[in-house]
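These are the structures in question, set out in turn.
First chain A sits with chain B, and in the next complex the same chain sits with chain C.
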Partner chain A sequence: MNQARKFRISHFVIWSILAFFIIVYGVPLLWLLLAGTRTESSLISDTPLSFGSFATMKETFLNLIRYNSGQVMTWALNSVIYTVGSVTLTLLACIPAGYALAMAEFRGRKLILILTLVAMITPSQAIILPIFLEMTFLGLTNTYTGLILASSFFPFGVYLAYIYYTTSLPKSVIESARVDGCGQLQCFIHMGLPMAKPLLALVAFFSFVNNWNNYFLAFILISDDSKQNLPVGLTTLISASGALNAQEAASNLPVGQPEAIQAAILVVLPIILVFLVSQKHVRSGLNAGAEKG
Partner chain B sequence: MAQVSLANIKKHYGSVELFDDLHLDIASGEFVVFVGPSGSGKSTLLRMIAGLEAVTDGVIEIDGKDVTYDEPSDRGIAMVFQNYALYPHMNVYGNIAFNLRLAKMPKDKVHERVMDAARILRLEELLERSPAQLSGGQRQRVAIGRAIVRKPKVFLFDEPLSNLDASLRTQMRLEIETLHRELGATMIYVTHDQTEAMTLADRIVALDYGEIQQLGEPDELYSTPNNAFVAGFIGSPKINFLQASVVEVTGHSVVVSVTGTPNERVVLRASGLHVGEKIQLGIRPEEFQLATGSSPAGVLIKGHVQTADRLGNITYAYIDAALDSLLTVQTFAHRKIKTGTEVILTVPPVRIDVFNSKGIRCSPAK
Partner chain C sequence: MTQHSASQRQQRKRQQARKQALVAYALLSPFLCLMLMFAIFPVLYAFGLSFFDTIDYVFWGLTNYREVLNDYRLVPAIYNVLQYVLVWVSMMVVGVTMLSLLLDTQSERTAAIVRSIYFMPGAIASSAVVVLWLFLLDPLVSPFDFVYQFFGWENRQSTISGLGEVWIFALMGFLGNSGGWIVVLGGALSGIPRDVLEAARIDGANPWQMATRIKLPMISKTITLMAITTIAVGLQIFVEPQLLSLAGGQFDKPDWSVTQLAYFYAFRWGDFGIAAAISILSLILPVIIALTLIFATRFYKIK
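Moving on, here comes the complex of A and B:
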């Protein structure tokens, strides 16, 4: 009886907290999705969470697409290129680095770990200038390669990989592989990689979110409009079209608040989709059975 | 089959010296067990033979070849780990075949070898399963299967049964024994379980603090332990230790007074002791006899039964004789042994192991 009541109270607390966060974070998101279906005037006059129409949504979307003869799509494509490039490079660098830091004993290992941590907590604004100078020196500003290189620097991924390998990969499995004839590299390829699927998903996801939302680096390194990514493009779109302030509009394109809202959805949607797909891979149950159960 | 030889082995961890000049020769086809408590260095020794741990100094030879600095895979060894160390992302077949595939053996040959191993270890039905779907015993069999297919010169076992429950442990122990008989391979086995050591070993290496305390056949370690450590470590239930002091020394016999008992003058065969030396008397539980009537010669202890474990065929009685610890006595006299019963125990002097103040054996072999 007493236990049942305790159970109910704890459930109540948990659900209250969840409900709070759903309201705080979920409602704006819901508003965003609904607002994409409404006209400019409906946004002002109707109730906040009302639904417009699919026809309006389509019309708005077409307006968005037609902006500067499809520039939004160019930005979206650029975002895909930057993100795919960076995520790939990040995985290629972070996973082996974390593995080496976790598994191998070498001179300077501790120092590298500390530097990784320091780099992790350094705000990106602090290193933007050196990165810009570096890229200018290499002649890589305003290029795809430059932005991909600069945003592939992901110390958090290295640290995540290091933590994962030290805690989730049994040392005896690696030793067993060594006895079976694996060298260092083979140990990584045959054991480290296949046993780290949750890690790959996790690092890829974080790196994806970082790169897809990458505003600051893109804003600094890319000056050519046609090479911008979505986040920077979105601000260009808003300021150029006067979506938020009609008086200051630089043009009289049919791009208003609903178009800006749909552009924002274009930025948010892939993240939600990627999260839904990758979250089920982020499980560490894979290693069950390697050691005693 | 191959002999293993360790010479002048040193192992230091920083300033801590675990092994200092250790020598050990293991004959071809021999089953040698390293026993010792935690921290005795038994696992480290095995891992040095495997090549998973570097030696500070010394030479390790397997089959006459110096392998001291060779990679584990180049030493012709196979190892079975305490926690199985199966590859969780491969099924049983993949686990067993992994080494052969790495060695680029032709597919049909791999299949043949894996099936052979699976048959020996009764794993045929389980080949498609993943390690997570296996029981502890099955996992350990897969780990052993992985070792067998390589046809190694030397098998190394690092406490392979300590994660299994008691009945499974006995069964797996018998399987390893059979395996040794069938393959005739050299096997080195590390355990802290002295039953495993006694039943499996051709020879036992008793280790403590990185030193070989005794090397010999199981019976030899049991009946003639070199020192109090070996006496205390080998044997279950444990040997009883009585404190005593030397009263008189004459040739190869000494007169001792046993602390806490009415034994003022017991004559024992021992040498190398001096008058006044504090010594330990080691008495196995089965050496006690329940005395009736007049007191015979030898050690005589009076006490009462505190508890008795009746195992059916034998009974272990724990006797409170007002000594440092309870005495364990093995007896067949079931009915007489009840809690609270007063008993008089005797031990023939020749059945007593005498250890000097440093714990070294001073009495001749029984």
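Moving on, here comes the complex of A and C:
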């Protein structure tokens, strides 16, 4: 009986801690989504987690769209272009590279692998200024091509592909296929590619999140307002309208806190939706990424 | 004759190996081009540039480095970043370990649902996080207003100065990154052989002892990995302090972090030589960390 009570107490303690953190992690996002339906005065005077109305949500959204005659939609479209371009290039570059590193023997293999890992672990911010200098030199700043190319370098994707092929395609299978006269390239096309579906999903997800959220690189490489992506656009919108700044908020733009909130939702929502759809892949990918730890 | 055919066979084998190597390079080439363009070349370029006066384009040796190291803003920036990294890493190690161990006591299904909730904030990154936080820090609209009331913080200014940038950025980092690592540690915990846990249970270990004496030592490597990557990322903080200025001029801190200082030199003063020197200096530590990690854990070897 004593033990049962002890168990109940420890269960209670564990769940209070877990629940406390569910609130800490969950409330900010919940608040953001709810706040998108509320008016400026409701944000200030009503309880924080109340729901406004769909009519308000629509009106706010129209205000947001009207900002600079539809600039938000331009940014959204740019984000789509950048993301689709980079994810495609990332997949084209990472899958064959991971396959080659896992399956082939050649000189420089270990060096390439180690360089890839160093690039993966070293945070990319440190290298963004040098990339900017290089892109200026090549005349690729302020271009779609420049940002798409720069954000297609995704060593984590190569690492994922490398792990995937090493663990799920036995080298003996490839070797026996080779004895049967199947060349390395044919092996990749006939065996490596057909089994790559879960891998494609995994690399695509992480690359999508990275690119959709891309702020720093876009901020540095793109200075033209009309070529910005959503994350940079969001900050342009907020600093131009003073939506978050009580002293400068007297601007006559109909862009206030509710519009800023909806713009933030526009950045966040696609990621959440994609995450909810592909949760399982994401988890397996994260585990693969840390398995060696 | 046999010797002849043997050497012929060897030659054919070598030829084939060369052909296979060529195919491998071909498969690698798109990625190698990208790596050359966006990792190797920029670093070399910045390295070269850091020895030049980029305004008049004259070689001037270590002058850029000397100027950076004498900049009065460098020491405070390093101090800020180190404080932030220390607080953030401690939060990550304590918080992620605790939550992972607690979740491991629950059924797999419950744990999976809770993990997904914890992971969710990790999906938002970049500017949207900072914007969200600027709302969360404003007592007028924040769902955490009761906390701020408790401390007597009445506006965003007092919340930010009350909490301090270090803690705010560390909290941002924790909320955004801990969920992913909780998933990773969950995976590591479920990889512990069942018979080990069973044996401990039979020997009379209670849940607390199981967690601290059996599970914790077995996941300590993954925790170290998390701490190290967190340090590497934290040293480069830029976006968070940079975007604090969205809330108004009084929050503008253009030289809070070292990366910001490099940006400041490059874009406000147009001095790319000094900016390149800062970039090179701030790459040294992360690269050493990365190499140590790779060789210590034999990251590249997979069973």
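The rule is simple: the second predicted complex is superposed on the first by the 242 of 293 C-alpha atoms of A that agree within 3 Å, B and C clash if a C-alpha of one lies under 4 Å from a C-alpha of the other, contacts with A are read in each partner's own complex, and residues count from 1 in each chain.
To be clear about the criterion, contacts are C-beta pairs under 8 Å (C-beta built on N, C-alpha and C of every residue); 3 or more make two chains touch, one makes a residue touch a chain.
Quick caveat, the model's predicted, so the values are computed rather than measured.
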Applying the touch criterion given at the start, work out whether A:M195 contacts chain B, chain C, both or neither, answering first, second, both or neither. first
Looking at the overlay, does A:R107 come into contact with chain B only (first), chain C only (second), both, or neither? second
Using the touch criterion from the header, give the chain among chain B and chain C with more contacted residues in chain A. C
With both complexes superposed on chain A, which partner does A:G70 reach: first (chain B), second (chain C), both or neither? neither
Look at A:G139 in the shared chain and tell me whether it touches chain B only, chain C only, both, or neither; answer first, second, both or neither. neither
List the residues of chain A that touch chain B in one complex and chain C in the other. 183, 286-287, 289-293
Sort out for me which residues of chain A touch chain C in the complex. 10, 14, 17-18, 21-22, 24-29, 31-32, 35, 43-44, 48-49, 89, 92-94, 96-97, 99-101, 104-107, 109-110, 112-119, 121-123, 125-127, 129-134, 137, 149-150, 152-153, 155, 158, 162-163, 166-167, 183-185, 188, 209, 213-216, 220, 231-232, 234-235, 238-239, 244-248, 257, 260-261, 263-264, 267-268, 271-272, 275, 279, 282-283, 286-287, 289-293
What residues of chain B sit close enough to touch chain A in their complex? 50-52, 71-73, 77-79, 81-89, 98-99, 102-103, 130-134, 136, 139, 146, 150, 163
Using the touch definition from the top, list the residues of chain C that touch chain A in their complex. 17, 19-21, 23-28, 30-32, 34-35, 37-43, 45-46, 49, 98-99, 102-103, 105-106, 114-121, 123-128, 131-132, 134-136, 140-145, 175, 179-181, 183-184, 187-188, 207, 221-222, 224-226, 229, 232-233, 235-239, 243, 245-248, 259, 262-263, 266, 272, 275-276, 279, 282-283, 286-287, 289-291, 293-294, 297-300, 302
Over in the complex, which chain A residues touch chain B? Could you list them? 170, 172-173, 175-183, 186, 190-191, 194-195, 286-293
